[in-house]
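Below you'll find a set of structures to go through.
The following pair of complexes shares a single chain, chain A, combined with chain B in the former and chain C in the latter.
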Partner chain A sequence: MASTQHALLSPAELAYLHASLSLTPPIRPDGRAANQFRPLAAETGILPGTNGSARICFADGTEAIVGVKAEVERTRRGDGGREDGVEYVSSRLEGDFVEGVSSGEGAIAAVDEADRVGESEWVELSVEIPGARDDDAGTVFLAAMLAEALLAGGEFAKKLWINRRFHWKLYLDILLISPPLSYPLPLLSLTTHLALLATRLPRLKSEGDEDPFFDDDWAAAPYLYARKDGKATARPPVSLLVMAVGNNIIFDPSKEELAVADVALAVSVGEETATTTAAEADEAQQQQQPLGRNLRLLSVRTIDPPSRLTPPGVPNATNSAYGAATTQKQPEARAAESEAVEGVWKAPRGGAKALVMAALVQKALMRGGVADEVLDALDAVDLVA
Partner chain B sequence: MPITITAPKPVQHPYADHDNSMSDSDSDSQSSMGDGGNNYKNVINMIKSESGSAAAAAAVTKKSGASPTSHSEIVTPGEVITDDPQWMRGHGTFVTPATSAIISSVAGTISRTNKLLSVRPLRARYTPEVGDLIVGRIVEVQAKRWRVDVGATQLASLPLSAINLPGGILRKRTETDELQIRTFFAEGDLLVAEVQQLFADGGAVLHTRSLKYGKLRNGVFVAVSGMGGGGGVVRSRRQVWTMEAANGGGQIDVALGVNGFVWISKHVETPPDLLEKTAGITNVEESVSATMYSSQNDRIEAETMREIARIRGVVTALVENGLRVDEDMVMRGYHEAVEMAMLSSAGPDDIYLGGERGQQLAAALTAI
Partner chain C sequence: MTDRRRVNGPVGSTNPPVFEDEPEQEFGAQKGIRTRTPTATRKMYLKTGVTPSASGSAYLEIEASRKGAVSGLKLSCTVHGPRSLPRSTPFSPHIILSTHVKYAPFATKQRRGYIRDPTERDLGSHLETALRGAIIADRWPKSGVDIIISIVEGDHDRETSKSQGGEAWDMMNALSGCITVASAALADAGIDCVDTVAGGVAALVRDEGDDTTPRIVIDPIPSEHEQILAACCVAYLPDRDEITNLWFKGDLPASDMELYSQLVEKGIQASRNSNEVIVNSLLISTREQQPHERHDGTTRMHIAFNLQR
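Then we have the complex of A and B:
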C-alpha cells in the first residue's frame, strides 16, 4: 500500500486533533460536520481539444483537471477469437469487503452481453501529481484505484465497443495542478466522474463490422453515458475517502485530519443501471431499497494513514525538560513508548475494528447516505461538452 | 447537505476593491499599467496629472485603476512596466544594465509612490525582519541548533544558546544540553519565537528568550498566506492576545505569526502544584518556564475545542475572502460568527464557516 505523504505535526497538535475528532459529535478543525465535504467549484468542457473534460477546485486551493480523449483502434483478432470462451470474472462485491477486484490492469473483466465485449486495455488512465514522479508508488496506487473502480464489472469497457473489429481507445489524463495539500483521491475521482459524464463520442454511421464511419456533426454526438432529459441514466463510479477516529466516521478528511486517523479507506461506489438482474433485485429488497439509485460497492482499499509514522509525545512524567525536578539522567533522544496518558499523542497501532469498518462502508452506501448525496450534487453540475 | 458544488466564480481582480481598505493615502492607490505602449501612455497620463493638483492625480489613477475593461492590472515576471527613465525602480522590479526600462520580477500589481514604481506580488513568501513575532515548526535538529520552517525562502535557525533553559537557569550550554537537544524541541514541534538577527542572504536567526515564547500545545495550527493577495496576517501592535470565548469556551490564546502561521489554543495558567514546588526565593518566572517544553496537552473541554475551531474558521474565512488578519478583524469576525451561529438552524454549536458562510461573514465585516 502506498503511504500518503508525511505531514509534519507536533505531538501536542496530534493529541489535540485526535481528542477533538474523538468527541461525539466530532469537532473538525475546519468546523465541518462529520459527513460534510469541502465546498468545491466545478465546471466541465474546459478543454476544447478533448472529448470530455472537467475541472474541480476545492476551497483550500487544490485543483484538478481531467481530459478524456478517444481514438479508434483495431481490435486484435486474438480477442475476437476468445469470444466463445469468455472468461467470466465475478466482480459482484455487494455487502462483502473484498480487497478490490484486481490489481490495476490485472485480470480482464469481460462480460458478454448482446455480443459486446470490452477489454480493460481499452482504457488508459494516467495520473499526474506535481512534485511526484510518474512511477512514484503513491501516484501508481492512485491511478490503479481509479482504474479499478472504473473497470469493475466491465460495464464501462463495453461502452467502448464499436463493432467486432474496432473499438474506442480511451485515454484519461488526470492532472492535479496544485500541490497536493491533502490526499487527492476524492478530488481526482470526482473530477474524473464529471469528465466522463461530459464525454461525447462521434455518432457511428456505418453498420455491422465494416470500417467505422462517423458523423462529423459534433452536435449529434451522443454522450458516452447515455442521458435522458438532461440526466444521465448511468453514471461513472466515485471513490470516497473515509476515515475513522475512535468510533467516529469522517468523510473527506483534510491532511491534518488524516494524520490522526486510526484507519483510512478508499471506498469506490458505482450506480447500478435500472436493468438489474434478479439476484440484485432480491438483494435490493432485502435491504429495503426502493426503486431509484441502486448503489453498489465496487471496491474498498485501505490507505496507510500517515498517523502510524508519527513520533509519540513525551508525557510530563518522563520529560527531563519539564519541571525543575530533573532527576533522571536520560540522554536518549526520545523516551521509549509508554502507556497511554491523556493529552499525550500515541500513534495508533494494529488494524481497524471490524465493527467500525462495517459502519464505515454502511454509512457511505446507505440510501440517502453520503455517496447518494455526492452523486446528487454531481448531477446538478451543468454539463458543457 | 454534505456537499456543495458551485459554478466557478468569474475572475476577479485581486486588488479591485482594495483602495479603501488597505492604502493609507491617495497617492498610494493602485494604478493600472498594462502591456506595451498602453502602459507608457498611462504613465504619461499620471505624470501629467501629477503636475496638476493632487486631487486630480488621485482621480486619474483611481479611474484608470477601476476601469473594468482593463484586464492588464497584473504584470508578470519579465514584463516591461515602463521605459521612461524618470521612474525609480522599487521592490519587485529590476532594470537591465543596457536600458532604462523597468521590468517586473514578480507576478503582481503595480503600486506607485511618487516616482517609485514597485510591484506587489500576488503571492510571496515571508521576508523576515528583526523583531517579528513568528510561529515556526522545527524541521531539522542539528548539534547546536534547530532549523525552523517559518514560511520564508530559507529555513530560520534557532541556536541552542538562544532558548531559555527549563527552570530559568542561566548558564553556559554544555555537552549534556547538546545531547538532550531533542528534549527541548524535536522535529515537528511548533514554537513561537522572535527574529533576532538577519543574515545577508535573508536567513533569520530566532530566539525564544522570553516567557512569551516557547513550545506550543493545547491548540490548533493554521497556515495562511503572510502577504500578498490582499489578505493574510499583517504586522500590527499586538500579535498575541488572550480572548474570552463565547458559549462557555473559557479563555483562548491567539498567536498570529507575522509569517502567516497562526496558533489558536486554550489559555493555560501554570499548574498550582508546580508553583508550590518552585515557590520561595526563585520567582514565578522559573515555574512558568518549567512548563515551556511540555508536549502533553492539558484537559480541554469540548466547548473550548468548539470555540477554537470557530476562531480557526474565522481566520481561514478572512484569508479566503482577501481580508487582512489582525486582532481587530479576528475579534470582530469571531463575534459576527457567534451571532451567525445563533441565527443558524443548527444553533450555537454550528461552527462551519467555509464556502458561503465565509462569504457571508466577510460581507458582514466589510459592510460595517
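Then we have the complex of A and C:
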C-alpha cells in the first residue's frame, strides 16, 4: 500500500521527528506551518485530445496529470442483462409520461432538472501509480476514495445526463508521473479537481429524446461545472490529508511526517452548490463579514499510518551495549513489552480517540480554514480547456 | 411381466405440483419499513472455530429483516498464521497482515466474478486498517498472518431499485460484519490483540413521508428508508475507547459538525453491541474447550467428543 511504504528512518530519527512535531507550535522538517500546504505549480488544458486536463507539480517533486474524456453512451437497463439496446426509462419517468398523455398535454413532457437521475456507473476513474500494480490495494483505495467523494450526493452524475436515452460516460484517468515520494492523495485530488473544472462538453443541439447532436464549435462548448464571470458556481470536491501527532494537527504531511503519525485521515470536502442570493450577499457585505464558502463534508477515511510498521527503538536500560545484563537468551523473555521510555521510539498501538478524529475533521472544515484556502488557491488557476 | 431392471415411474398419471405465487404487492407497499427502534441492531449469530484446518476461524450471520425480500449477511472468516515468512521476504519487525475479502459469486444480486473486484479490494484495505490497530504486531517479528473472509451471502434486497445506489451503502454493512467476524477469528487463533475490535454502522436516513426530518439509526438497511443521506462505519476498541478505522460517506453541511459527531457516536454504540456478541461467543467457546471436572469424574470435553462421534 502506498501509505505503508517504509520511510527508511531509524528509530532514533523517528523519535526525533515525533518529538519535534509534538512541540507547540510543531517544527516540521521542511519548515512549513502546521496548516500550510506544499507550494505547487498548476496548469490546465495541457492535453489537446481530452475534454479537460490538468497538471500539478508539488514542490517536493511529485507531479500528476489528469485527463478527462467523455463519450456518449446509450442509457440502458442495467440489471436485466439486456444488451440489445433496449432503452431504459425509469418507472417514475414512465409514470410522468402516462400522466402527460392522459391530460392531453402532448407527447413527451420535458424532464425537469429535478427528475434527472444519474448513475455512478457513468463515471470511470482509474489511478496509475508508477511502481504499483493497478490492482494494488493502495491504488484501489485511492481510486475508491476519489470516486466516492465525486459521486457523493449524486449531483455529479446528474450533470452527465443528456436525455432519457443517452448520457455522457466520463473517463477520468489519473496518472502520477513522478515516483510516489509522499502519499499522493492530496496531489491526485487537487489535479482531478482542476481537470474537472476545465472540462467542457460539446453543446447539445438536439432537443428532447432525439439522438444527441452536438455543436461543432468547441468555443461554444459549455463547462461541465458551470461558470459565471470567470468563476465556477459549483466545484468538484477536494480530498485533504490530515494527521495528528501528540496534540498537534498537521495538514498535508510529507512521507517522513506520515511515518510518525498517531492517526491519519483523508477528508473530502465539497462546496455547497446553492447560490447565495444578491440580498444575502449585500447583507453579508453590510455586516462586514467575509462571505465564506459553504463547505460540505463528503467522506472521511482512515489512512493506515505507516508508523505502525516502523521498527521500535531499544532503551539504554535494556541495551547490552550500554551494560544491560544479557542473561536472557530467549526472545520471548526479552523486555519487548517495556514501558514507554521518553525519547525511545515505539510504534503506536491501538486506534485514536473519537474526539481526536472529530477534531481533525473539524479543523479541516473550519470556515476560513485549510479547505477554504486550498479552494481559493485553485480558483486562481486560469482555465485553458 | 413387469420390468424389474429399471426404476420406472408410477403407473398412473401424476400432476406436477403447482405452488401458489406469493401475493403480488404494490411497488410502494413492498418496501419494508424499519420496525426496530433506531438504536437496535439486528440479531447476530457468531461462532468461532468452525474451520478445523485453519488456526482460527469464525462464522457470522446477521438475521434477515423480512422474510423473502432480504437475505441476511453470512460471513465466514479463516485466519492462517502466525507463520514464518518465506526466506526471500525482507526482515520485518512486525507481523505482516494480509486481508482478503471476497464475495462468493452467488452472494449478491449481480454475479461476482472469481477475481476480486475493486470494491472487494477496497473492503480488504479498510479491514486491514481496522485490524492493524488491534493486533499487537511487535510480538511476532518475521512472521505473517492471512485473514481470509468470504461473504457467503450478501445483504441484498431483491426489490431495491438500482437508482437508489443501495449497493454502495451495503458495503458499509458488509465491512462492519467483516471487522466483527475477523476479530472473533483472530481471538480464536490466539493472536494477541489489545482488545476485541468490532464494527458498527450508523446512518442518517430520511423516511418516506412529506414532513419527516432526517434521523440517525444504527445498523441501517438501505431498502427500509427513502434515502440515506450519510453513513459511517466505525471499528472500535471498547476497553481503550479508541477507533481504529472510521469510514464516513455522504453529504453533510460542514457547519453542522454536531450531526457528524452524533453519527460517529451512534456508530460506536452499534459496534459496542456487536462487541457484546463477540465476547459472549468467545466465552461460550472457551467454556466448551475447557475440560470441566464433573461429579462423576468424566470431563465435559470427553462428553462433547463422544457426542461428535
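Just a few scattered comments:
Basically, the second predicted complex is superposed on the first by the 313 of 385 C-alpha atoms of A that agree within 3 Å, B and C clash if a C-alpha of one lies under 4 Å from a C-alpha of the other, contacts with A are read in each partner's own complex, and residues count from 1 in each chain.
Heads up, the rule we're going with is that contacts are C-beta pairs under 8 Å (C-beta built on N, C-alpha and C of every residue); 3 or more make two chains touch, one makes a residue touch a chain.
All of these numbers come straight from a predicted model, not from anything done at the bench.
Considered on the superposed chain A, chain B and chain C are sterically compatible, since they fit side by side.
Contacts of A:Gly368 after superposition on the shared chain: neither chain B nor chain C is touched.
Shared-chain residue A:Pro311: touches chain B and chain C both. By the touch criterion defined above, A:Phe251 lies against chain B but remains apart from chain C after alignment on the C-alpha atoms of chain A.
By the document's definition of touching, of the two partners only chain C reaches A:Arg296; chain B does not.
Once the two complexes are laid over each other on the shared chain, residue contacts for A:Pro222 go to neither chain B nor chain C. Applying the stated contact rule after C-alpha superposition, one finds that A:Pro130 touches neither chain B nor chain C. Of the two partner chains placed by superposition, A:Pro179 touches none, neither chain B nor chain C.
Of the two partner chains placed by the overlay, only chain B lies in contact with A:Gly343; chain C stays clear of it. Once the two complexes are laid over each other on the shared chain, residue contacts for A:Leu9 go to chain B alone; chain C is not touched. No C-alpha atom of chain B lies closer than 8 Å to any C-alpha atom of chain C in the overlay. Where the contact sets of chain A with chain B and with chain C meet, they give residues 310-311. Residue ranges on chain C touching chain A, taken from their complex, read 27, 92-94, 109-110, 116, 118-119, 121-122, 124-126, 128-129, 132-134, 136-139, 161-163, 165, 168, 194-195, 232, 235-237, 240-255, 257, 260-261, 264-265, 268. The touching residues of chain A, counted against chain B in their complex, run 8-13, 15-17, 19-20, 23, 27-33, 35-43, 55, 57, 59, 251, 256, 310-311, 313-316, 319-326, 330-331, 333-334, 341-345, 370, 373-374, 377-378, 380-382.
Put simply, chain B touches chain A in their complex at residues 1-9, 137, 139, 166-167, 176, 179-180, 182-184, 186-190, 215-222, 274, 277-278, 286-287, 290-300, 302, 305-306, 309-310, 312-313, 316, 320, 351-356.
Against chain C, the residues of chain A that register as touching in their complex are 1, 78-79, 90-91, 117, 119-120, 135, 137-138, 140-141, 143-144, 148, 152-154, 265, 269-270, 272, 294-304, 308-312, 336, 347, 349-354, 357-358, 361-362, 365, 367, 371.
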